[in-house]
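Common to both upcoming complexes is chain A, partnered first by chain B, then by chain C.
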Partner chain A sequence: MTKRSTLAAPYQIFLVLFVVLPLVLILIYAFMDGNGGFTFSNFATFAGQPEAIKTFVYSIEVAVITTVLCLLLGYPAAYIMSNSQLNRSSITVILFILPMWINMLVRTLATVALFDFVRIPLGEGALIFGMVYNFLPFMIYPIYNILKKMDQSYIEAAQDLGASPRQVFFKVIIPLSMPGISSGVLMVFMPTISTFAIAELLTMNNIKLFGTTIQENINNGMWNYGAALALIMLVIIGITTVFADSSSNREEDAGGPI
Partner chain B sequence: MKKFLAQAYIWLLLIILYAPIVIIAVFSFTEAKVMGNWTGFSTNLYSSLFTGGINSSLITAIINTISIALIAAMVSTALGTVAAIGIHNLRGWRRQAITFVNNIPMMNPDIITGISLFILFVTIGLTQGYLTVVLAHISFCTPYVVLSVMPRLTQMNPNVYEAALDLGATPMQALRKVIIPDIKPGMISGFILSFTLSIDDFAVTLFTKGNQGLETLSTYIYADARKGGLTPELRPLMTIIIFTVLLLLIIINIRSLKINKKLNEKNGKKVLV
Partner chain C sequence: MAGKDAIIEIEHLSKVFGTTLALNDINLSIKKGEFVTLLGPSGCGKTTLLRHIAGFIKVEEGRILMEGKDISEVPPFRRELNTVFQRYALFPQLDVYDNIAFGLKLKKLPEKEINKRVKKMLKMVSMTGYEGRDVNSLSGGQQQRVAIARALVNYPKVLLLDEPLAALDLKMRKDMQIELKEIHKKLGITFIYVTHDQEEALTLSDTIVVMKDGRILQTGSPIDIYNEPKNAFVADFIGDSNIYDAVMIEDRRVSFCGHEFECVDEGFGNNAPAEVVIRPEDIYVLPNPAAGQFTGVVRSCTFKGVHYEMFVDTPEGYEVMIQDYNAFEVGSEIGMLIKPQDIQVMHVSRVENIFKGEMVDSNHVDMIGGVFECPQTGFERGQKVTVRVPYDKVDLMDNVEDGTVCANIDFLLYKGNHYAIHVLTEDGYSARVSTNDVWDKNDMVGIKILPGDMTIEKAEEND
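== the complex of A and B ==
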């Protein structure tokens, strides 16, 4: 038995080389100046550039707005599709999932085509629409899955105990679907905060997002500064993941058997 | 009434979701420079796609995309399968550590994966091009292979392997004749997943393709759209991509339905579809 576990060794080496080491390198580069010495100056540069800060804050705003819109549009859709009284066929579910497999760039350009077609100029509206368009399926899918698996007897119990439909929805269904909501939020927020090409194409490069700033710096050979910005993004994503994890775990505990 | 409203909402969202795709497909059959103008039916955009001046770079990009995806998927499947067998037999902190690291590429946003690999290749002095793109793709595909093979190993009866050894099979023979056939479905879905992920990738490729002129389909589209927005030539190209993907998905779904049916029949269960 012990011998077969050595089969993991090549992959272990591969992971260290191509997953762990690159991330460590981002960390090292972020705290390194052009000559290889230790420095905080990359972060100081970021803090000292109002333009960069503005882009950073704006990107978070766009990501939050996109996530909230996806949740507001996606939750009812997931709820309707999971409810056997409102929707019997599974074809709608498949139709929502299919576009997830089409290349992101192609979908973004398709949105550009739609805006061209209805003669609405590209800009902030197109950006938000395009983001929601791209990531809505990623919100619907996890919520649908959790609602589909939900034990219907909880809802019946609440009804039997005299809860109004509104109370059933807000006190039973929403709390029980929290794990789906948090993974949906994560699946929408993470790509929106880190995207760069989508914003470029949807605004004809008029609006810059944080991802674009990072890409431009890396492209222009500003590796240390770019690595520092990438590290800032990693921290934001790490915080979001921890936050989403804890909220879903707590709800799981609360919703578990007594 | 409630049901009607609910259905109307769902179909409204779906219409919005599919409208851009339909518009692209319809307007790929007219030559108008401006999107939304209809200047008569024509398949010229399609023919110029493969015969015009851009044809050689486009065809090279398509060949690159497919060959990179094939190599990445094959290597990832081999590496991931062997790794999964190893991890399956690991215990304790080492197993936890490798599972944790295996999850990182799946959690990381593309841009971070791309930049981190870019910095790696720059640091070790590897010239970026075809090889680095393949290596990058293997690094984000293999975790998915590991994840699709692991459940198969867990379901496997461990005694069968031991029995093969007792009956005189060498470990290599036991691996080839006992373990591999059992985990094959996991390997196949890992391969398909890797292949699609590789074809679909844009951000990681962009950061690791270097500046020697290597293009894949997505970086080609990006470079083209960056220059002049949605150019007419992109419309037929996007239509072809979209419908190829949809066709493949339908084939894969039908296939997996059939496999499920067969499995259920074999196990004597009723088919619940």
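== the complex of A and C ==
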């Protein structure tokens, strides 16, 4: 017994140092004033700043739009890739996954260069494009996984019971791929809400996202306020995780790494 | 063959998967209200045939008629039949009620009617009260009942069942067999049932269709198939049997196991090669050896519940399997008697292998995917020839490299004193072998034929 648990020790130390401790520090800093006393003033400041709240709401909007677009583009892509009748080679799969091998910043810088080249002004459109481009594979992969593993006999059973191809898709394939969808939504929504590099690069720093606000505050030494903002964001992400979890609980083998 | 009361007719249906012929010119007519079983070992094409009828596989050659109308091009969701799947395929996101109501809701039936029908079906499969249950929480048997209810609730004209009981344990399987039979009687619709379990087929069916290698070997009632199997494969597959090589001496007289017997078969011709099947329960055992038609010594005797199963060795070197209510002591000499009507004589079309080949040079022939040495023929290179090799002159080698051609044991049958083996080469050629060596199905062997054992003739021009 003791031998086995000592094997886990390095991981436990790692988790404590790099996951638990930072979280605790964020929590403590968020409720601390400049002199180290307990306070709610950081949250009050946030509530009192329409600008900050606007950024916050805007960030959620961008994240939601990105997630919806990724889902609308990613689901058909995953469906086509998983369907051996439509796609006979695994090359398509590799092509979709390939961009993930390249660093996100490099990809975004390339996007900026591309937009420059074709003379499309950077701004909100470019921001959404960049976000979707960067996070699309995270939507496709879990959905692809679950569609690939789906038992063909469910589809046959539905056809057998009188479902047209359309009805098979909406009444069987979509409901059965829900675990993949929620996992994909989570994997896109979570990083998009906190991203700041893409926004900075693709809007020439003209559009601010919540991630940018946090980064600026912490860069400027406003540790306590920054920690409070980070905490608010964590709560939002936490809520979406709980929602996604409850919808994917029905199927044990959800297709994603979450 | 199309009768007025036929509901499903299959005409010249063939299907190729890659390089294998999954269905080979299937012709079948199924009557309204019949319980038909497609029976055969795995890979015989029975499921492929069922999936063609359901519409999951596109008809490429031949056609399928339902009530006289060609449904070959009709997509599965427009066919008036329903399927019970082997692994049930119940929708995991729906509860029992919604699973059963799935088809009716698609048809947009009024809610009241749906409710009534679902309740009725649940009652029929003894699952009343399970409406709200999650299908994943049900046992295998309960899931099977829901799957049957889900198919039957649509009032199909034909119900297709793809090995529906294969995943259940023996006791449950027996119970479900009885229930299926009762449901069939009650509803009066046509059931097409796929199984590899011959006992299940005998219990359930009005008609059994025995299949092997994509062909129908025999169609008939369970009694016909059991008592009058058309060939050794059917006899071996259905029930226990003694199968021997035989010679039809004249009408009503057959010789096997070194003795002559009276039988009821006629029209084979004189001294014609044949095979006989004798069911182990049709051999009468007499304690006095002299009273029987032939004698033997009991080698083993095992209690099987209702009867004893005995293996008896005859002085001529044949093994006889007997099922009898009385036990006879191991080592004792007994007499055996077979009534003429219990001897089922079957035609044998060939007595030796006939291969088509082409000469490579005057003493080498290319056949069944390899080049064999043969006697000096004087034929030129490229000459098409017919090569005859007796079954017992084909040698199977343990070590694949020792043979000229590599092959796979496809089917084997014990014929009392030797094995009759059917082998398939890598290139799909088949050969028959008689041997005393023991092999297992799917063993890889090398085929060797000595030059002296071949008879080579020029092939006919039109071959």
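Here is the rule we go by: the second predicted complex is superposed on the first by the 242 of 258 C-alpha atoms of A that agree within 3 Å, B and C clash if a C-alpha of one lies under 4 Å from a C-alpha of the other, contacts with A are read in each partner's own complex, and residues count from 1 in each chain.
Just so it is clear, contacts are C-beta pairs under 8 Å (C-beta built on N, C-alpha and C of every residue); 3 or more make two chains touch, one makes a residue touch a chain.
What you see is a predicted model; the values in this text were computed from it and never measured.
*Asks:* Decide which partner touches more residues of chain A, taking chain B and chain C as the two options.
*Replies:* B
*Asks:* On the A-aligned overlay, A:Pro99 touches which partner chain: chain B = first, chain C = second, or both, or neither?
*Replies:* Once the two structures are laid over each other on A, A:Pro99 reaches chain B alone.
*Asks:* Quick one: classify A:Gln12 as touching chain B (first), chain C (second), both or neither.
*Replies:* Touch status of A:Gln12: first partner only.
*Asks:* Mind working out whether A:Ala110 is in touch with chain B, chain C, both or neither, as first, second, both or neither?
*Replies:* first
*Asks:* Go through the superposed model and pick first if A:Gly123 touches only chain B, second if only chain C, both, or neither.
*Replies:* neither
*Asks:* Touch check for A:Pro175: first (chain B), second (chain C), both, or neither?
*Replies:* Once the two structures are laid over each other on A, A:Pro175 reaches chain C alone.
*Asks:* Report for A:Glu156: first if it touches chain B alone, second if chain C alone, otherwise both or neither.
*Replies:* Touch partner of A:Glu156: chain C, not chain B.
*Asks:* State the interface residues of chain A toward chain B in the complex, per the touch definition above.
*Replies:* 1-12, 14-16, 18-23, 25-26, 29, 73, 76-77, 80-81, 83, 85-87, 92, 94-96, 98-99, 101-107, 109-114, 116-119, 133, 136-137, 190-191, 193-197, 200-201, 204-205, 211, 214-215, 218, 223, 226-227, 230, 233-234, 237, 241
*Asks:* Considering only the defined contacts, which chain B positions touch chain A in the complex?
*Replies:* Those residues of chain B that touch chain A are 2-3, 6-7, 9-11, 13-14, 16-21, 23-24, 27, 34-36, 79-80, 82-83, 85-91, 98, 101-102, 104-105, 107, 109-113, 115-120, 122-123, 135-136, 138-139, 142, 146, 171, 196, 199-200, 202-203, 206-207, 217-218, 221-222, 225-226, 229-230, 234-235, 238, 241-242, 245-246, 249, 253.
*Asks:* For the complex, which residues does chain A have touching chain C?
*Replies:* Within the complex, chain A touches chain C at residues 151, 153-154, 156-164, 167, 171-172, 175-176, 178, 250-251.
*Asks:* Going by the contact rule at the top, pick out the chain C residues touching chain A in the complex.
*Replies:* 54-56, 75-78, 82-83, 85-87, 89-93, 102-103, 106-107, 150-151, 154
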